[in-house]
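Just below sit the structures, each encoded as structure tokens.
In what follows, subunit A forms one complex with subunit B and a second complex with subunit C.
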Partner chain A sequence: MTATTSALRGRATPAPTRGSGGRSTSKAARLIPSGIAWILPAFTISVGLIYYCIGYSGYLSFFDWTGGRSPMFPVGIDNYVRAFTDPIFWTALRNTLIYFVVVFAVQVVGGLLFAALMHSRIFFASVYKVIIVIPVVVAPATLAPAHIQVWQTDGTVNQILKTLGLGDVAQAWLGQSTTSLIVVTLVGCFGSVGFGFILYFAGMSQIDPEMIEAARVDGASNLRMLFSIVLPNLRPITISLAILNFITALKLFDNVWLITQGGPAHSSEFLGTLIYAQTAGTSRNVGYASALSVILLIIAISVSIAIQRRGRERAVKLEEPADV
Partner chain B sequence: MFEARTIRGRLLLQLVATIAVVPFLIPVVTMVARSLSGSGWANYAAVLAVPGFARFFLNSAIVAGASILIIYLATMAASYGFSKLRIRRKEIFFWLMMAALTLPEVVLIAPLYATAVRLGLLGTFWAVILPIAALQIPFTVLITRGYIDGIPDALFEAARLDGASTWRVFWSVLIPLARPMAVALIILVLINSWNAYLLPKVFLINDDMGVVTLLPEFFRRQYNDDTPKILAAAVVTAIPTVIAYVALQKQFERGMAAGAIK
Partner chain C sequence: MNKIRTVSAAIGLAAAASLILGGCSATTASDTSAKPADSGKVTWWGYTPDTPVAQKYIAEFNKKYPKITVTYKNFENVDYRNTIIPALDSGKGPDVFDLSPSGGTPEQWGPYALDLTSLAKAQLGADWESKIGEGYAKQLRDAKGRLVSMPMGGMSAGFLWANNNILKQAGAEVPTDYTSWVATCKKVAAIGKSCLAMGAGGADTFPTEMYHSIANSVDPSFFLKAATGKAKWSDPQGVKVLSIIKNMAKDGIISSDVLDAGQYPLANEKFMKGNAAFVQMGFWYTQYSGAESCKSAMEAAGVSNPTCFVQLPVTFPDVAQKGNGSQLFGEVDYGLAINSESSNIGAAKTFVGWLTTSKSGQQDVANALDLLPSLQGTAPDWSNISLVDDAVQRPAIEKLIAESVTTKQTRQYQTTQESLNAIVVATQQVLDPSVNTSIDDIVAQQQASSKASTVK
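After this line comes the complex of A and B, so read on.
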């Protein structure tokens, strides 16, 4: 056996402690052919392009530049100052946070509910499944015209409200700065519940049936079982969803741009739409877009690390009593 | 999961499920119903008759196909290297790659745009395919390496002792054994590249290079906000994806589930 056998133990999450595995000097290890050429294509495309872009982004963020052949003016840290003093930037950050909290909550609750229901014996389960997963697989850009129809003044939502005798609540959802964010957030929920469902459904199939049987024999109710057995077992999925949702909220662009264009009056602006408008819009400043990109990148990396670290700590705490 | 022993309990579960599904139907039903308003099926005929309509699908297929090919080959080779071959300071390389794991594509837009302008790549498929590949590869390498780590080294050693070259081992041992992973990987990349919107919107500025996600805007320009026709175009665009999902549900779900367990 070679020294790399230790690699067998690690699965999807390679631990940093395995670093010594590849550096063995035993005779057997030296017989293994070198793999540097094999990782080169992937390394060049991804690490090369991405690190180049990040570096270039950092460089551009110190300039004023309207793109194309126009000249670049060095402006120091003005672009960063502009971002932090721009009320639209803070609106975008606030919207990102609201969007993340609401969509994540709805995705977890909705995903769990559907996954639990489909694991119960109900009729038409396969039809229901297709209905909630379609918004996940069809491009947001394709479904956006439908959402506009649903939410516009003579759209489906207002018609339903009138039919229910709630005509007073009917309003121009897309045209008001007070409601545009609600529409964008609900459209986000619509497109993400199915994803939570797929992950939770797969996760529930992997829970040991004996554990569930034992709980049932002990007289646990359906809800008790969901909260005490199913949920703790699905914690890694919930943490993944939290990270993915946060990144999605940070980079949100498709739905916002196609449904509200960030408006009216920037009320539904997100970092994604801001960066796009500054890169390819009519009054653009690629330098400012780059500064915003750098800020976004720093937020994305620090929050992912924070969520993962907290998740790991809590997972360790949970495992301890389970050993007893 | 929920166990309902009484008929009332089962009816209640059925009712909850049905009510919970309704909000998901509303946009789809609205889309189909409104697309038939006005001149009915003639809306669809008009949309399908627009010159260049098929071109959008062809372009999407080019972007998706090239992305899949590049990502598949690069990922398999890199996972082989990381998992079964000898590389000095392997984990440093690995973590350099993994640092880009959750990178959102918007942060690449400004520098890519600047670079594409300089290199004259604006309006070429490469400006879309390469960033898609760059953003997906860290993740596909992570899951594929994890999968290949689970294949016993003994299989590779046996092939080597029989005199197979590294190439031969790659094609005859690794590729066939990694096939279940490859299907999930290909579906994941297919969904992401077919549905990509921001990168094509910025870089594929000519109408004859449009991909399917740009169709609604194309029709908005073409028809001056003739809503039924825009919706008919959206329905036609959505149909291939829906059919693909219904036909390959298991593979789609595995692909997406692989996409989240990090």
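After this line comes the complex of A and C, so read on.
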């Protein structure tokens, strides 16, 4: 904040200009944000590539088009109507919500738990840290075959169940509508806890030890300290994780496609796999896929703003002095 | 001044960005009327054939045209579909590329391809269409009547491949109907092997082959009638097909891991590892009957130091037991298209013309046992082909070829992607033990999700 303020102050005192018209030049200079020349290349590429693509997707969403040089037929909002009347779209949204809630909850609880454990004095802490973080850094494409091996009908899970005498519980985890989403979600949890741990571990390091000490002196229990000191201090991290998790759930593609391809019968479909299937199928529906992408973008932006605003409101509420 | 500079820089960068983006659609000058040339460099991209087969074709081609260098790049199916259009749009696509008739591909990719009618006429004469497989030319024309791809060969499906070693070991017979199939599976299961290797999970459309085969047993005209809107998938025949699939899982023909993954890799690996008695694959699987190619196929499935088993094409059992028997379905598998913006059109024409229409090129296609050669009257030269067990496999393969070239039913050419997807979902629902939806409701959903094809 301080740095920004001083930079603005710097701009308020323009350097002497050469020649006449210094007055108008300084006015113009004030209109151009500081450092614009430095960010212009990245800004141009960003606008040119990313925002151009977003805009172009929006444009394509109003056409029936199979890509390439095939003819484009304007269809108005038909692609959007198709999306909102397509039961697979709603299945994908429902799955996204379930995935987000479960993975976020597991990430927060697991991340906090491991972070708290690592901050306590335990043996081989560094080894545990590595073990917890490894799933974060390994590419989903590398882990997917292992997950398939674990969950397939003659896979590790069923073998363990049979060994334990629980053969009746063994089932085709990947090949059933009732269990395929569970597998995908568990795989998501597996990779997310480590990320939560990293952020919470760093966040806990930033908490002023004097606050903890004062709470201890006041006789606060561990649980009380967790809920009254640790968690409120980690709120920005939790909000960030919520936003990141929701966006991840919306964009989810790799693990799902590699493990279930959204099946069976679309039971583990997500927006990412649905969009991909529309563009990678033999008959490419680029217009419909674009409409789905635009919907995804709108949901992602809306929910991110909503989570942030909610987080700020709560933060303000907490900062307000309690009525005496 | 600073502002002017900044604005100029912005304009410059925007121009650069637009040039970069515009470069995506840059085109190069090409001579579409170029005559076949004797020298040049040709790049060929395709999802099929496998690279060793393509290399054999190229080696034979180079015996006649040593000054033409052909480079083949093989892609996985989905990767190919996702890569080819951007590549062709960029102006840096291949000179020659695979183009199949399925899913309206001639319409989607045809605009990038030369009309090869004149090449076909030059190679085979004015009556060229009568000299290639029936319907092949029609299937590879776009709506404007341009021949966008020269047919390389055809394929057929609707039969099974059997592991003869397993059947012998189990003392089991090749099944002819549902009852005998159940009996065979019991004997196969008794020796610890799976009966039918099938992968119906994921989004792959392979389960439609099983559906089509069973439909032909129920009512040989039903599948294409439903595909073209003359019947409904929810008609009694459709209910019967799904009931049979459900019973096949219940009676041990289809194993419980059927929805774990798609036909590739699940069923292919299980069969190639020698763990299953049957698998449903098309004509292209014939190539793995070879004494050498079977080894590479088994190695690819994860078998080290493989000992090949005898694989045989067998008739699909008459599972409906109505006396309709079984019927093959097939169409042109794919053709070779020439990129209209290629800078090597002359050499590309020579290569495509030789491989798709010359006696020697098509003989190589026949000998690879990957396709039914497009040029009529071309048959495998058995003196150049080594099978695992020639005495047993050769008669079966010859019978398959004879039946395949006379089939009248198309495989996917007259079925929309929507209908194929709906078949997949319906099949998955009846095979999923956790789904309680009735078959009547499943076929109703299937009908609602399908789209009738207008292809005649």
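In the analysis below, the second predicted complex is superposed on the first by the 285 of 324 C-alpha atoms of A that agree within 3 Å, B and C clash if a C-alpha of one lies under 4 Å from a C-alpha of the other, contacts with A are read in each partner's own complex, and residues count from 1 in each chain.
In this section, a residue touches a chain if its C-beta (ideal position, glycine included) is under 8 Å from a C-beta of that chain, and two chains touch if they have at least 3 such contacts.
The structure presented is a predicted model; accordingly, all values stated were derived computationally and were not measured.
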Touching partner for A:265 - first (subunit B), second (subunit C), both, neither: second
Partner chain in contact with A:113 - subunit B first, subunit C second, else both or neither: first
Which superposed partner A:281 touches (first subunit B, second subunit C, both, neither): second
Residue contacts with subunit A in the superposition, subunit B compared against subunit C: B
Subunit B versus subunit C as contact partner of A:154, first or second or both or neither: second
Touching partner for A:172 - first (subunit B), second (subunit C), both, neither: second
Which superposed partner A:235 touches (first subunit B, second subunit C, both, neither): neither
Subunit B versus subunit C as contact partner of A:82, first or second or both or neither: neither
Partner chain(s) touched by A:70 [first = subunit B, second = subunit C, both, neither]: second
Intersection of subunit A interface sets (partners subunit B, subunit C): 29, 32, 36-37, 41, 45, 48-49, 52, 67-68, 279-280
Contact footprint of subunit A on subunit B as seen in their complex: 1-4, 10, 13-14, 16-18, 20-21, 23-28, 30-31, 34, 70, 73-75, 77-78, 80-97, 100, 102-115, 117, 130-131, 133-135, 137-138, 141-143, 145-146, 149-150, 152-153, 157, 166, 170, 191, 194-195, 197-198, 201-202, 212-217, 227, 230-231, 234, 237-238, 241-242, 244-246, 249, 252-253, 256-257, 260-262
Interfacial residue positions of subunit A with respect to subunit B in the complex: 1-2, 4-5, 7-8, 10-14, 16, 18-19, 21-23, 29-30, 32-39, 41-43, 45-54, 56-57, 60, 65, 67-68, 110, 113-117, 119-123, 125, 128-147, 149-150, 155-157, 160, 190, 193-195, 198-199, 201-202, 204, 212, 216, 222, 225-226, 230, 236-237, 240-241, 243-244, 247, 250-251, 253-254, 258, 271-272, 275-276, 278-280, 286, 289-290, 293-294, 296-297, 300-301, 304
Subunit C residues within the subunit A interface of the complex: 1-3, 6, 9-10, 13-14, 16-18, 20-21, 78, 81-82, 85, 88-89, 102-105, 107-109, 111-112, 200-204, 256-262, 416-418, 421, 425, 428-429, 431-435
Complex contact set, residues of subunit A against subunit C: 25, 28-29, 32, 36-37, 40-41, 44-45, 48-49, 52, 66-70, 148, 152-154, 171-172, 174-179, 260-266, 277, 279-284
